[in-house]
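Listed after this line are the structures, all set down as structure tokens.
Shared between the two complexes below is chain A, which pairs with chain B and chain C, respectively.
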Partner chain A sequence: MTFISFEFLVGLPLAVALYQLCPVRMRVLFLVLLSYAFYCSWSMKAAVALAATTILTFVAGKLIGHSGSKHRAGITSLVAVVILSGYLIFFKIVAVTPIPRLGRLIMPLGVSYYTFKLLSYVIDVYWGTIEPRPSFLSFAASIVFFPQIVAGPIQRPADFIRQLPPIQTRLSQGTPRLVWGIAKKIFIADKLAPAVIYVFGHTKGLHGSELLAGFYLFPLQLYVDFSALTDIAIGMGLLFGIEGPENFNRPFTASSISEFWRRWHMSLTRWLTDYVFIPLRMATRTGGTAGLAFSITVNMMAIALWHGLTWGCVMFGLVNAGCLVVDALTARGRTRFFKAHPRLDGPGSWLGWLLTFHLVFIGLVFFRAQTLSDAAWLLSHSLRGLSPVRSGLSHLMAAAGAHSLTQGLVGYVALELAERYRPDNWWRRVESALPLWVQWSVRVAMTVVVAIGLFALTVRSGGQQMPFLYQVF
Partner chain B sequence: MSDVSRTEMMETLTGIFREVLDNPSLVLRDDLTAAEVNNWDSLNHIDLIVAVERRFKVRFTTREVSSLKNVGELAGLTLKKLAAHP
Partner chain C sequence: MATRVLKLASTFGLLVTIILLWLVYVEIASFARIWLASRQIEVIPRSRLQTIYKSQDWVNTLADEWGPSNQLNYQAFVGWRRKPFEGRAIRIDQDGLRRTFHSHCDADAYTIWMFGGSTVWSTGSPDWLTLPSLLGQQYEQAGRKVCIRNYGEKAWVNTQELIKLILELKHTEKKPDLVIFYDGPADVYETYQSGRAGVHENFDEIKRLYEEHVSETNGNFRYLLKTNTARLFMEQRFMNLVGERASKDADSIAQQAVRCYVENLKVVDVLARAYGFDYAVFWEPTIDNGHKPLTPDEETRRQRAHEQTPGLEKADRTARACVDSISPPHFFDIADVFDQVTDPIYFDWGHVSAEGNRIVAERMYRTLQQARP
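Take a look at the complex of A and B:
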């Protein structure tokens, strides 16, 4: 069952209604049962694996927290970290290298996300930043919570558990966020998708102008698709009274590569900063520039390989790591330069934005291309054969659907403007001045209109939307 | 060094923070966090830790650094270390 399917869109309001009726003290149990029911609809075997790793981590947390000996706690946490990391790495390997004796093994839904939640719990208990949780049910809810299990955001168990039991649901905040996410997915990401699929599926037979279009379109599609999934997850979480962490902050406005990574997939990058970068940087803090470059590179490669053990991900990691190292080593010099030449600060920011934008897009070509050879071809041929722009783009329009592509691009521009000027904030100010009954009438009317529209779209397409790009990790 | 008071500690930390973060007007408070200060990212965070270690001749562990939530906790931890190893 996917988040944009007829069954889900019918089942979700029903689940929310039952949750509202459920006594507060039973709500955690309700969340666990509902989440496991959702997960089992995908795979029973994977649900058993999820339950097993959850129990193992909970027990490990107890042993670490109550060991009474720092040495024993260290050994237990090390064993737990090795088992959990091994579990994740095993599925990452199996995903790229089928193992004949094991038969056809598919990666459990959301394994990369929930394993990171489990790992953070073990490490936090060991570091003493949190106490082992007394309630298994609360801990299990924090791991399996169905809005976040598919593709995050990666919410640390402690941050989730402090919100339990969820006394107040937040329907008026959650519903618009959920609808916003579904609309982004259907009206923008899925409209850009055919052109991206066309370019990256026929890379070596296309004109330079088509390759260049694919180069620019994929990052836009990826951002809208993934941020839509985050909106849906956060919106659904709020319907059940849980506030999840944000994942994006207008990443394509970044004027340096380090700023980009502080704005992109923030729950993952914060996780890796806390558990990989800072420990490594502490260990190498007397190592000067080499120590800094080493820590940045290992951290970036961990981000890249978290997505998959492929050569494309390796290159994606290396491109970004190289840029991040240069960024870190020149940061102080650049700051001093722009302080001494304040008139160049504005043009410098623009140049930084343009450079960052393109460097990020180059990395993403490796992330998306089917082979390294395709990625190299796209990058080296994008600016060649640009002269028949009209015929090249007309091929692309014909293959991907001119209407779809235009709608996707207009939608993307509208999205950027909406994120820049936040009409929702303006609307909230206007709304708060209205009488309460008008506020609720408008909310209900808007929700009904949008819900009918979405149902109509889902039914028309038979629930066959493009899968979310980040659902596979 | 073990006689450093809380006020002196905050004054010294202010100097270190201003220099590392290149922000001469920065005013430290106990509850100040990285999210509130421009430039205080994960790279500069470790530079700050190293600068504090050098200034006070103390050594922090990863576990300690990871559990710090704000400037006040850094000041408290540093004072504790100074008291333990005068």
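Take a look at the complex of A and C:
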């Protein structure tokens, strides 16, 4: 059952209504049961594995918190971290290299996300930033919470548990966000997908403009698809009274690679910054520039390999790590230069944006291509044979459907504009100055639009929809 | 105590109300979903027809007439046949047969009966560009006038065609000189869909409709199965079952389908002797079972077909190899007919354009001339 399947969307209103009816003290239990029911619809075995790792981490947290000695706490946390990391790495390996005796193992849904939540709990308890949780139910809810289990955002258990028991649900904020996410997925990401599938499925048979179109379209599809999933997760979380962290902040407007990574998949990068980069940087601070470069590279490779143990991911990590190291090492010089030449600041930002945009896209080619040689072909042949643009693009249009591609691109532009100008924020600012009857009329109209939108999206959900790109990790 | 009971009762009442309201919501949503699906009855969308046929002035007429002409009558033993229809691009007579051009049905004309599914009926082509019409044209160009009857009907499998042949032989005064079967992949699809060979397409759905109707005379709650919610739920469950079964049993599906097909041909052989007609059986191409260089659009359609019917591709290829190895009498595998064609031909998994019909008709004519000049 996926978030955009008919069964799920039609069942969601009942779940929310029953949750509203549920006494506040029972709500955590309700969330755990509901989340496990959702998870079991994917795989019972995976649900057992999830429950086992949750129990193990909870017990480890108790042992670390009440061990009495720092040494014993250290050993316990180390064992827990090794087990949890091993569990994650095992499934990452199995995903690329099937192990004959174990048969065909399927990676548990959201294993990369919930393992990171579990790891952060163990480390936080060991560092003393949080106390071990007295309630297993609250802890389990923070790990299995169904809106976030598929593809995050990675919310730290402490941040989640702080909001328990959820007294107030936030339907008026959650429902529009949910509808917005589903609409983004169906009307933009899935419209761009056929062209991307075509280019990356036939890379070596294509040249010039078609490859170039694939080069530019995939990052757009990935961003819309993943941010749609995040919108759905955050929206659904609000329906159950839980506010999740944001994952994106208009990443393609970044004017440097480090800024891009502060705007892209923010919950993952923040996690790795806190638990990998900062400890590593502390340990290597005496190493100067080399220490910084090493910390950045390890951190970036961790981000890349979190997605999968493939050569494509390794290259994706190396390209980004290289760019980040250069960015970090030249940061001071650039700042000094632009301070000395303020008139060049504007063009510099534009140039930075253009460069970042393309460097990120080059990295993503390795991430998406089926093989390294496909990626190399795409990058080396994109600018060759560009002259018959019309015939190349007409092939692509025929393959992907001209209507679909146009709709996807127009949708993307509309999305960028909406994110740039945020009409919702503008409305919030002007709302209070308007007469009460106008405020209420707009609110009622918006509620009706959102309700009809949700109903319409429910009716046409499932079927031809592509799976979310980020639900495989 | 009384307050507690009252509170409990009100909570219970609220719970029941919520569930009832939700059931109504699900039923309305299911209705809307089924209604939307029923509006997309076009096998080949208008935009596809426009892309393939470009400037032909009859494209819109064909697209307009597809829906109204796609109405079915129940027919004994064979299940369904199209209702009579009078259009400009599509015309169906009182017997449910589509109009065939280049057909000259005089009393002493050499008569050909063509059996098959929607590819013989020629979904996506106007009457003058159907496979039977273009075969008639081949004969005409060779200076021979023949009478061709198009017995093709959508979603028909070989057993239905055989039964229709028996019925027609019984009732028709003018017996055929030649009977052509152009099929195969639909039989594999049917076995794939229902899990058993020798039944018609959508067997489980039609069986359920019949059994529900019969059981209506007894008092029970089966009417609940007629709700939109139940229909949608069962449809989904059925699709999941088909997908699971097919991905496991592609080989067995292919073997069952071919066994049934070959047994049918033995019956045709007996009928041919008894009624004195000749026959030829052609295994038709699909997007999967030939080696046509696919256009990007055809490739996308092939991938989409694989997603929608996982395992069918393997069953289709295995069945073709299997029937080729048996090679029954009068059997011709022409699934390679498009192997040298680079232009777009396929609308979807099996339906082809008028140009595809022309290529098949040419190959059929050539094969028939070589087999029985």
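Throughout what follows, the second predicted complex is superposed on the first by the 436 of 473 C-alpha atoms of A that agree within 3 Å, B and C clash if a C-alpha of one lies under 4 Å from a C-alpha of the other, contacts with A are read in each partner's own complex, and residues count from 1 in each chain.
The working rule: contacts are C-beta pairs under 8 Å (C-beta built on N, C-alpha and C of every residue); 3 or more make two chains touch, one makes a residue touch a chain.
Note that the coordinates shown come from a computational prediction; the quantities given were computed from them, not determined experimentally.
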Which of chain B and chain C A:281 touches, first, second, both or neither: first
Can A:350 be said to touch chain B (first), chain C (second), both, or neither? neither
Which partner does A:194 contact after superposing on A: first (chain B), second (chain C), both, neither? second
Quick one: classify A:129 as touching chain B (first), chain C (second), both or neither. first
Between chain B (first) and chain C (second), which, if any, makes contact with A:292: first, second, both or neither? first
So, A:440: does it touch chain B (first), chain C (second), both, or neither? neither
I'd like to know which partner A:311 touches here: chain B for first, chain C for second, both or neither. neither
Which of the two partners, first being chain B and second being chain C, lies in contact with A:337: first, second, both, or neither? neither
Is A:14 contacted by the first partner chain B, the second partner chain C, both or neither? second
Find the residues of chain A that appear in the contact set with chain B and again in the contact set with chain C. none
Looking at the complex, which residues from chain C come into contact with chain A? 11, 14-15, 18-19, 22, 25-26, 29-30, 32-33, 36, 47, 51, 232, 236, 295-297, 299-300, 303
Which part of chain B faces chain A closely enough to touch in the complex? 22, 41-43, 45-46, 49-50, 60-63, 65-67
Within the complex, which stretch of chain A touches chain B? 126-129, 258, 262, 273-274, 277-279, 281-283, 285-286, 292, 328, 331-332, 335
Residue numbers on chain A that touch chain C, as the complex places them: 6-7, 10, 13-14, 17-18, 21, 194, 197-198, 201-202, 395-396, 398-400, 403, 455, 458-460
